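Chain nomenclature is as follows: A, B, C and D, assigned in order of appearance, with residue numbering initiated at 1 for each chain independently.
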């Protein structure tokens, strides 16, 4: 067994470092290697194969919940009589990590394939693949890390690779702007993440998640600080997963090549935030979870409303991504851990699919992205069309799709949460978004594929994309069918996936966790890794502790299902009514709700708001400080110099003014003595003498004082 | 009846001389007159020395000093006169006011 | 144990020899070519050399001769060596000076006057009797009056000498009057006896004060301390460079020697047990150290601040020398032998760097016919070696490692810190920072300004050699200053103390 | 004694090798410029080799700081020795060199940067002789500061560095060079005279028995100054937490702060950097700034531990100001060099923040940051130099789209920029992480506020990157050529170091840790009055 574990670990390391090797290879010898693209793609497929092996092994054969490899990375020794300072790092494979491995490598390899055609003849083709390699490496790093520091490290690295890829066509100002924006906005979130890490480390002296959980369970970090730590680390997720209020970078990120959008800004990197929250789930207090839930819900709603109004095909998808991410975050917030992660995976498949499909459309339309210039492409590119339809059904949560399963369990969780906490706002938003999602997705399909072509010239040249592009679509489309996750199309509970992804037990003090999370019996709550059979234990704990929650879910499952289904269908119908059958004129509709429409169309004016406040403020501050520095601070120095110079001129003129003054005085004095009153003496030597004499007198009087 | 002349009178005289000397040095325009002022100062000191020796019942070093000072005064006068003479040859003036080319 | 006059002659052989050479140098004008500048110069040099030999023989002597008139002790010995070195150097400089080569210059008299000034300085260093002090002071003064106006055709020189003589005569007059009062109070001219009288404490405060202040006027004028400094810039600017250099070192040092001796012998409280070894106390009721402290602050500050604005090199160095007088005075404020030894050490540094600086100024005046700082533009490229030497001297004057000037300042400040005169030390260091500005101004125009015409101007081998001789110790003594420090420490010894 | 070559210790060699080089340069006839360059290069390479040897032979376990036996490669000989007369006391100055975990990184840094600097000054326009002579003199001064253990010696080296710097900026600098040079000179001199006074005060406060003669004497030995038991009870700086000790600490602080530079003593830096020639900017930012912080750790902290504990909060606040203020000022600059100059101010703030924390990770982070910042800023200034040589402008807005024109250059530059941003995997990340962790433990809120700097840095760095390298290439820069071999030789080693230390910081941290822990321990024990001395 242990041999298997070490084998798996080595394989995992191989998966991790293969893409990095590819990156190095391409960066340094890119020009010399023939078909570098195939090299990188090959690497990714190898990684995929290994990952699948790892997953199967881990999920179905390895009983230990976690395989862990830890090593001491840094040891600064100890100050006498104080706690030593050392940093342990390492990797760990548990079920969700194993599954994420597959997700990442799968999507990545498909995107690589897709790009073979899509990016053909690009100026920086090699660079492109190199960066994809770098990204895959960093993303896998996040997946495998067993400690916060490494997660943060790879977190930044994905940030950079996303920066590089968004700015791939940096000749376009908009592209370089977008990349910069993405990085900086993420940085804002990361600062929170960083501070959270610092809190954790300073209280627990470790970055290792298992020790962190252990420490929290042992009450070394409790109270508001614990909540703060949770929320601050979540800030990182807010940045990466483009949650409100830091969601503004993701739509701009669509400046990058479409396959990149599919890989990074739809399937994997943006999901990293969700993954992070899942990782730190046990240490989240009720308050933190509530905050998370609300952030998620608000994001889902805002993004969905915006998506309805956008005309750029990729923008729509971008906002739909944000909204779906909001779903996942919300799910975690409402304690529906497994559902959230489930949706992450299914969403990865169909959203990547959507992006690739749109990519193939854009490819066909010669980089036209505005849906108002499309239409009627159904006949031209059937494969893309049908793939698109399947993905859209999946995202709208129509039965027999993967999306249906995951989304449904999220909604059930939200509803249960509502029931238990009396906090109905969240489930209500959840259902509202179901309607909106269906609506905008089908609006997109109709505007793109149905009806009459609006730009005939482009339409004429449009044709179905080559195999390398359609095959990935087909793969992803098939992965959007329920069977891959659970054989029961209506209830995933018993499916292998949800069995594999069990909610870890919370380690926060009882008082700070959700009431319905409380273990009723006396099961000692610890993080799974600490006791060999903790897995079963925590599952046990789960069973006993979440009965209320599960009951609730059971209770609301079918009504909720029915409701969501209805809403989805309504949404689809609405789309058809307005855009296909034109029963209602879209323009008229716009006119009627003009203010709302413009508000939504301008994305709730978030960018404008931030530009006006944060950006402008910072720039102003920096300008004024620079002025301050140049004029005041430096001025003080120069001022001092001037003062000295002034002073010295004074003393320089000393002989002139003061002495002359004394001369006049002495002249008056002598004149007063009655002699030579008329002939005032102003000989220099004599004035010197006068002064010396006065000096003598002054000194004498000063002397007298002692 | 005779007026008794004591130390005080001498000191007063010397003090007056001293003051006059300083006054002269400060006010006279002609270099020669300035020299006179300096001579007054020196001789005021001389009077002190001699007077102290005479009335202070002290050793003779005061008198000796006076002699030395007289000689020195002569030397100084010689030097100053020479310089003034040269000055007169160069810039045709013995007026110390007009000697102010060197300044800040 | 005062020696009889006859025996006393044995102790003044150096002075006697110098006087002989004074006459010899004067006589050289009769023999040979009257216009020859070299014969008198070499005679003078020989004189300094021979005297040096005799002075060397006096090392370690600690005697009071001519019935307490004159002290031959390590303290005066130190200064004698200084005077000889500076005198010899000045003679060497003068041999190269162009401005002395005027129609009417009588070299014999010039060099003999240098010797006579040195003789005066010798006596100032040793004088322990008020009359003796006055006489030696006058000897120095009169020689310097004549020297400063030596180039008769030059109106500026005439003006300088006129101002100098009037101002000097006046100040010495004041001093003499002060002496007379002291004599009247104590009936003594011998400073040891004065000390007795003072410590008896039976004297009228006011009269003593008047006397001391008048004395101070005379001494202050010699060391050009504020407010008795007014003559300095004008005279330094007007006089020939060589003479200026000579005055700025020898006559100033002599003034300090006399000042130190007068106050240290006259006002030290021998009876009192010093708190720290080497720290002497002055008897109560007469607190003149604060006055000295204030004077030193005024002197260095005014010197530095006014110097900032000078454009004439000689005038700049004049003010800088005023500032240095201020620094040196700081050492005296501490009332410790350590302070004195720091001062002595500073004199060595001061001699080296100041004479060096003036030497370059003279050379530049010879070759470039300029005394303006702007005239030094691009000197670093036209005469690299001279420029480099001047740079070394200027940084030494500023007191930056690796120059000997730094050690000099270091020990002055050390003495202050040791005696907790922190405020004075701070004023001192701030002043040295200010001074950097104007010294660097010269360096700047030498190196940072590219010259109009960049023709090389080279000085002869001998000149470069002399520069090196002055420059090397400025660096070497920083790296290894043990001997100087040792010498200075042992030279604070005065007859009758310790 | 071990570690000698020709009977002379390694540290003396590494310090005075450049001086030998200078002598050689001065002997070379003016015409033969290449010979001068190669001499200078040879000297610095030898120095680098020697540094490597020292590195290899360094024993990380030894503790250094206050423990005479904790130092390595020690050379101690009497320099000035005066038995003195009774009232004067014994005067002794030692020629005392030695390194510990604190000076080792600085020695390495100095050797590395000096070498790079020579390569960067290959194309110096005028009077090369003077240039290389002064350059090597400067090198000696810098190295000396980091190896000297006698305060007098330290001070001499410290000042020795001033003069060449003045000329190097003043003669070979840009248009406003005179102003910048004199400003630098006056500022630094002002700082150093304060150091001088404190040094003298310490000299008279410390009384040790001379091992040779057995009599009591004052000393400039830093290690002796650290031992509270050596203080003469009546002395100015005797005791713990006395008034004069605080005054002295502040004076020292200002002296060193001017070099770092710490707000508000920083205004000489932008001018000096902008005007100085590339190589000199590299030296300035790479090594000279570190001397200030080195001074804190070597002198201020261990000699006045009580004062450090009292003022550490203020230091941390100053660090915060430096970080944010520097970053904001940098953001407003349009002159590439000035921008980097301000970024240095910001990054040195991190050092201050770290060492003010007075705990293992903080101090280690600070020292590591000193090294890393030295390397990274050196890279940045070289990078500016490269385009300045070609385009003769440093206006950030004059450029754009250089990425296509100069790909290799852009690649290297990207590494440098990301390092400056603190990207994980590159050196500065580790040091900033440690500094912040340390600071967070001691001053939670200051650390939190300071972390704004993380965002701001990313902001101005990426903005600059965008303005210079991304976008369309203006017509006038079509002729720009990519980095040549010489520039690569100067840039690549630094880049390697940046990446290497980013992944294996232990290489640098391991040798430090024993020393720094000892430092922290010492400060806390002695500073709180419990004398803990071996």
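The rule is short, and it goes like this: a contact is a pair of C-beta atoms (placed from the backbone, for glycine too) under 8 Å apart; a residue touches a chain by one contact, two chains touch by 3 or more.
As the structure is a prediction and not an experimental result, all values here were calculated from the model.
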Most centrally placed chain, judged by C-alpha centres: D
Pair joined by the larger number of C-beta contacts - A-B, C-D: C-D
Relative to subunit B, chain with the most remote C-alpha centre: A
Distance from the mean Cα position of subunit B to that of subunit A, given in whole angstrom: 97
Whole-Å gap between the CA centroids of subunit C and subunit D: 43
Mean-CA-position distance for subunit D and subunit A (Å): 37
Centre-to-centre distance between subunit C and subunit B (centres being mean Cα positions), rounded to whole Å: 27
For subunit D, residues contacting two or more additional chains: none
Per-residue overlap in subunit A, given as positions that touch at least 2 other chains: 652, 654-655, 684-686, 689
Multi-partner residues of subunit B (at least 2 other chains): 25, 34, 96, 99-100, 103-104
Interchain contacts (touch definition) - all pairs: A-B, A-C, A-D, B-C, C-D
Complex contact set, residues of subunit B against subunit C: 11, 14, 18, 21, 25, 31, 34-35, 38, 41-42, 44-46, 48-49, 51-52, 56, 58-59, 61-62, 64-65, 68-69, 72, 75-76, 79-80, 82-84, 86-87, 89-91, 96, 99-104
Subunit C contact footprint on subunit D (complex, rising order): 79-82, 84-89, 91, 127, 155-156, 159-160, 162-163, 166-167, 170-171, 177-178, 181-182, 185-186, 189-190, 193-194, 196-197, 200-201, 203-204, 236
In the complex, subunit D residues that touch subunit A: 183, 187, 263-264, 266-267, 325, 328-333, 359-361, 364, 401, 403-404, 411, 418, 423-425, 429, 433, 436-437, 440-441, 444, 447-448, 451-452, 454-456, 458-460, 462-463, 466, 469-472, 505-506, 509, 513-514, 516-517, 520-521, 524
Of subunit A, residues touching subunit B in the complex: 652-656, 666, 670, 673, 675-676, 679, 681-686, 689-690, 693
Contact set on subunit A toward subunit C in their complex: 644-645, 647-649, 651-652, 654-655, 659, 684-686, 688-689, 691-692, 694-696, 699-700, 702-704, 706
